[in-house]
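Got some structures for you, see below.
In what comes next, chain A is part of two complexes: it sits with chain B in the first one and with chain C in the second one.
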Partner chain A sequence: MRTYILRRLGLAVLILLGASFVTFLLTRIIPSDPAMLWVGRFATPQQIEAARERLGLNHPWYVQYTRYIGGLFRGDLGVSVRTHKPVGRELLARLPASLELIAVGMAVGLIAGIVLGCLAAARPHSLFDQVTRFLSVGGVALPQFWFAMILQLIFGRILGILPLAGRMDLRLELSYPVHSVSGFYLIDALMSGNWVALQDVFLHLILPAATLAAYPIGMSARLVRAKMIEVLNEDYIRTARAFGVHDLRVFTRHALRNAIGPVVTLSAISLVYTLVGTFLVESIFAWPGIGSYTAQAILSNDVSVILGVTLLVASMTVVFNLAADLGLALLDPRIRLE
Partner chain B sequence: MRIWIRRAARNPLLVAGAAGLVIFVVVAALSDWIQPFPKDSQGATHIENALRSPSGTHLFGTDVLGRDVFSLVVAGSRISLVAGVSTAVGILCIGLTLGLTAGFIGGWLSELIMRITDLFLSFPSLLLAMAITAALGPSLRNAMIAVAITWWPSYCRLTRGEVLGLREKEFVESARAIGASTGRIMFRHVLPNCFAPIFVTMMLDVGLIILTTSSLSFLGLGAQPPTPEWGLLVTTGRTQFLTHWWVTTFPGLALFFVVLSFSLVGEGLRELLDPKMRKAGKGK
Partner chain C sequence: MRLAKKWLAAIGILALLAAGLAPMAAGQTTGVYAYSDQVLLHFDPAEIWSVNIVWFNVYERLLRYYPAEDRFEPVLATSYEVSDDGLEWTFQIRQGVKFHTGNPLDAAAVKGCIERTKSLGLGVSYIWDPVERIEVTGPYTVKFTLKKPVAFDLVVSSLAGVLIYDPAYSDTAWYEAGNDSGTGPYRFVSNKDLEEATIRKFEEYWRGWEPGQFDAVIFKSVPDDSTRRLLLETGAVDFTNRLANEMLEAVEANPNLEVYKATVWTGFLFFFNTLKPPLDDVLVRKALAYTIPYDEIIQGALLGLGEQAHGYVMKTLWGHSDAVRAYTYDPAVARALLEQAGYPDGGFKLVFTYNLGDEKERRAGELWKSKLMEFNIELDIRAMPWDAQIGLAHDPDPARRQDVFHMYAWPLSPSPIPLLTDNFATQDPPLLNVSYYSNPTVDALLQYANDIAGIDREGASAILAEVQHMVIDDVPIVPIADLQEAVIRQASLVGPDEAFINPAYPRVVDWYQLRRK
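On to the complex of A and B.
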């Protein structure tokens, strides 16, 4: 077990090195000059030259790359070319907002998907099953950026029951400030007993989380349905039924436990998709997370931010996948990690 | 053959998806004749007509430049169809060739190809596509190239898996016995036999490819104005969206409709070809 984890982590480092190399090469061929971005539009040639010197752009690319990697080991992700702020600190400050959104969206999506999938598998080819299958294909096919706007229109504008954008109401933020400890507003508000803020934070979360939940709902409902239908045809299910075990117990204890495995693997994939989905969704809801930060950086060719985000997302992908494999082994004693 | 058609007709999702695809292809093919204001999709503007709500003359209303949204959406169907299909063909060419090579020839070449594939698969594809379009410069063509670069690895892996299974089959053995060259065996004997699963996956993916390309356009990294690309149309209507809902709603709806149709067909085909799912269905 331990050797397995160590080997996977070693492989992860290799993958991240490869990822950093590919992205680094990409940022080198970006047509704009980082030094020009650094000094702004009205700079003199001397200023541009000074910026080139400062950013190390006069060195050959392999020197720049090894310097960058060296910086990584010291936790230094470089400085944003556009805002001149350190990328690492900026990402860390924005990460909790994104993670809170992703966590809520994923949790809602997976639970709803699993429940829908089970109910559909109980009566395959019934009307409910057909509707669920349609919804599960639809959830995956939905353009997130468009769905987000439609939700805003319906619930924010027409019905007027949910806030349009942001993480918290501006007035409430002044009168009932949330003292940020973990950066997760829900937890912080709950811990400090700030009920007014908690309610507001919760209301602000609903629409963006619902947008992100569509994909995991679709993926998990489809998978759980297919797997449950397969498992429910097994002999041991018939045996359990013959012994007079209650239907609900057959479902949850005997069938679902055997069908849930692929969902664990899938949740890692969904998590990555959701993470990237925040790039599209956060700017629509003015959510102050890494998604809106990245979308902005890509449009303005802020190479150090693009590099930093790519590495962050790639490392999260590696960690999620490893966590999923370990979780699968815990859940299913038949799987041996070698 | 008739059994297959009958079986397909019993699957309502497949039928709905196929109907959607037929509508999509017909609209895309006849787009020049369907558009009531064909000039609008080529960049003509009528500021005096800006932001009219949907009516008899302007079915989907007009946008901020006074262009007829219905014409733009219809013109966008052809762009999406061409972008989706040609990107898919590109992905297939790269993925199949590399997958065949890795599976059939093996050795260090196979190792190298598969490690590169792993590297690409460890990235979320939209993120990598964003970085590539940022590097190449924003345009629809570059967005398509970026999507192709990020998408081929899954086909490479899929093809290699199929080829590894087929390589030891008798017909390959006999082809080799009568002296067929490696290239001939690869392309004439092995390739056609691994086509079914790849085709099904492709059906599911063409929709998602269109969606990804549109997402890039939405972020400003794909098609540039005045191209009537759906993702771009959704962005351009964003600023007036809450007061003039039709400018973004209809292009997005069209995009959803098309992606959904492809997914339904792919899903339906997969079920049709998977004997396990069929057995479960018969039990009831």
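On to the complex of A and C.
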């Protein structure tokens, strides 16, 4: 196991280097003048030249790349040409907001998807099964930004029961500020006993988390349904029922455990998809996470941020996939990691 | 059964969380501005290079300019005198004003902060370049001696670079930590990752306070147009600087919202690459100017929020002249000019770049493209981020640069001279003159107009009109339209119009002047 993990981590370093190199090259192929972005429209030639010097733009691209990699080993992801702040610090500041959203969205998505899949498998070809199938396809096929806007329109505007944007009501936050310790507002509000903020934060999470949950619901419901139907037809399940084991116990203790494997693998893929999905979702919900930050960086060709986020997403992909493989091995002793 | 009870309990807790105690509103005296872009960038007032929606309410200037009346409002200066030769400007500084730091404003502080701004050389500090020296001639009297008689009142009321702050606080790190040393009605309270900022009432503000004024204002970055619209419609925010033009009709029908439109100092321009064939030929440029469907662009791309430009100085900005000719869509004239230039059948391709994500610019390009097809001219339209566009325009090889650069233009100060200088004056290497136009006569006239504007505004205006006549004939840049902006607010938010839109200070709201009905 330890060898396997070390080998995977070693491969991960190569993957990250490759991703950084390709991204760096792409950003250098596109004609750009980050110095102009740094100093603004009305800058003098001297200010532009000073910015070029400061950003190291006067060096050949391979020198710039080498310096960038050297900085990475020191934990320095460079400086955003748009905000003038260290990229690493900005990503860290925004990461908890995104992680909170992703965690809630994924949790809701996977749990709901598994439950729907199980229930659909228990009643194959029924009306419930058909509806589940329809929801699954919709969850995967519908564009997230469209779904987000529809949720805002229905629940925020027409029904007026859920907030439209942000992590908290802006005016309420003045009176009941959340003292950020972890950056996860739910946890911080709970730990400080700020019940008003906790309620408001929870309400603000609902729509964006529901948007992110759509895809994992769709994927996991279909997968669990198919796998459960297969497993439920196995001899040992028939034997368990013949021995009078309750249906719920058959589902949860015997069938689900054997059907859950693909979902674990899927969850790693879903997590990465959800992470990238936050770019649009956060922009629409004005959620102050890395997604909206990245969307702005892409539109303004903020190279350092684009590189930093690429490395972050690549790192998380590697870690999630490794965790999924390890989790699968834990769940199923038949799997040997080599 | 036990499991079912656990599930029921969990659902009950969630329901309580959702329904629960109704949270108390933070008050009707908190304003909320949903902004379409990043809310903050710089914190050091010497570094700010553009007008900012937050800092406008925190820092003040010596004077504020109102273009509708061509009027200067005394702010931190109560009055000023100009010598006959226009080289000495003496300002009386307002007494009884405190910085947010607690220190008093006086002539020495004004001199100190301007000298710090100049010495740092950041942002648009060069705006003080016309100043030869600054003297404190009394506790509340500052005299500026200029190198040339420029329009110094316009300089001190510019949108950036002229903020007055406490020079006793000169460490940029102090400002970056979230402190401010302004004199404005509000003091800076907090910032969240540059996307949300809060300011609160400064109790000792020199104008004083009346009941009903806003105690606090929150600025929130909300990039998505439809989200901003929904936030306005639900009353979650009070104001936004823009919505997609297509939404305005529906929003105008909402009795709870007010859409206020006004001409702003933003030009909608096509810059031709005058160093690259065939646009190095003035006949081709003129021909192309006659192929542009101006009315269609104003109605189709701008959805009516603009009017055709006459010259390069926008309406309501001094120096504007309706006498400067405007090109029209005239295919017959275009064909004749193309034939004269040796392109009777067109047969060339132009690379047209515009700002990625800008729907107005994209549509303008598409509309022009469809017209150019009638002349057998291909327009290759490319969306690019701003710095990529400008990077391409700054390529050392003119042949590699784009042929047409679609760009907005606006002035740094309430004066057309910097605007025209940025766009036409010879620049080597090029900066904003991305048509690479070079005309020594124009350069000389612009310089002369700048040098006399302080003592002879009318004379300067006449020179600028002449400059525009010359340039419009050479047509390195085609002015398509002077834009209008539409800002949207809650109908309950009341105040003078210039508190919502002042072309001299785009996108800012003067929250001190507002009340909630």
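By our rule, the second predicted complex is superposed on the first by the 338 of 338 C-alpha atoms of A that agree within 3 Å, B and C clash if a C-alpha of one lies under 4 Å from a C-alpha of the other, contacts with A are read in each partner's own complex, and residues count from 1 in each chain.
To be clear about the criterion, a residue touches a chain if its C-beta (ideal position, glycine included) is under 8 Å from a C-beta of that chain, and two chains touch if they have at least 3 such contacts.
Keep in mind that what you see is a predicted model, and the values were worked out from it rather than measured.
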Partner chain in contact with A:Val318 - chain B first, chain C second, else both or neither: first
Partner chain in contact with A:Ala295 - chain B first, chain C second, else both or neither: both
First (chain B), second (chain C), both or neither touched by A:Tyr273: first
Partner chain(s) touched by A:Ile306 [first = chain B, second = chain C, both, neither]: first
Partner chain in contact with A:Arg157 - chain B first, chain C second, else both or neither: both
First (chain B), second (chain C), both or neither touched by A:Gly138: first
First (chain B), second (chain C), both or neither touched by A:Met149: both
First, second, both or neither for A:Ala120, with chain B first and chain C second: neither
First (chain B), second (chain C), both or neither touched by A:Val224: neither
Doubly contacted chain A residues - partners chain C and chain B: 30-31, 149, 152-153, 156-157, 164, 284, 295, 299, 301
List of chain C residues in touch with chain A within their complex: 3, 17-18, 20-21, 23-27, 30, 32, 34, 38, 41-42, 49-50, 121-124, 126, 160, 192-196, 198, 216, 218, 220-224, 226-227, 230-231, 233-234, 236-237, 356-357, 384-388, 390-392, 394-395, 412, 422, 429, 431-432
Of all residues in chain B, those that touch chain A in their complex: 12-13, 16, 118-119, 122-124, 126-128, 130-132, 134-137, 207-208, 211, 214-215, 218-221, 231, 234, 238, 241-242, 245, 248-249, 252-253, 255-256, 259-260, 262-264, 267, 276-277, 279-281, 283-284
Contact footprint of chain C on chain A as seen in their complex: 30-34, 36-37, 39-48, 81-85, 90, 93-94, 149, 152-153, 156-157, 160, 163-166, 169-176, 195-196, 198-200, 202-203, 248, 283-286, 288, 292-293, 295-296, 299-301
Sites on chain A touched by chain B in the complex: 15, 18-19, 22-23, 26-27, 29-31, 124-125, 130, 133-134, 137-138, 140-147, 149-150, 152-153, 156-157, 164, 222, 226, 229-230, 233, 272-273, 275-276, 279-280, 284, 294-295, 298-299, 301, 306, 309-310, 313-314, 317-318
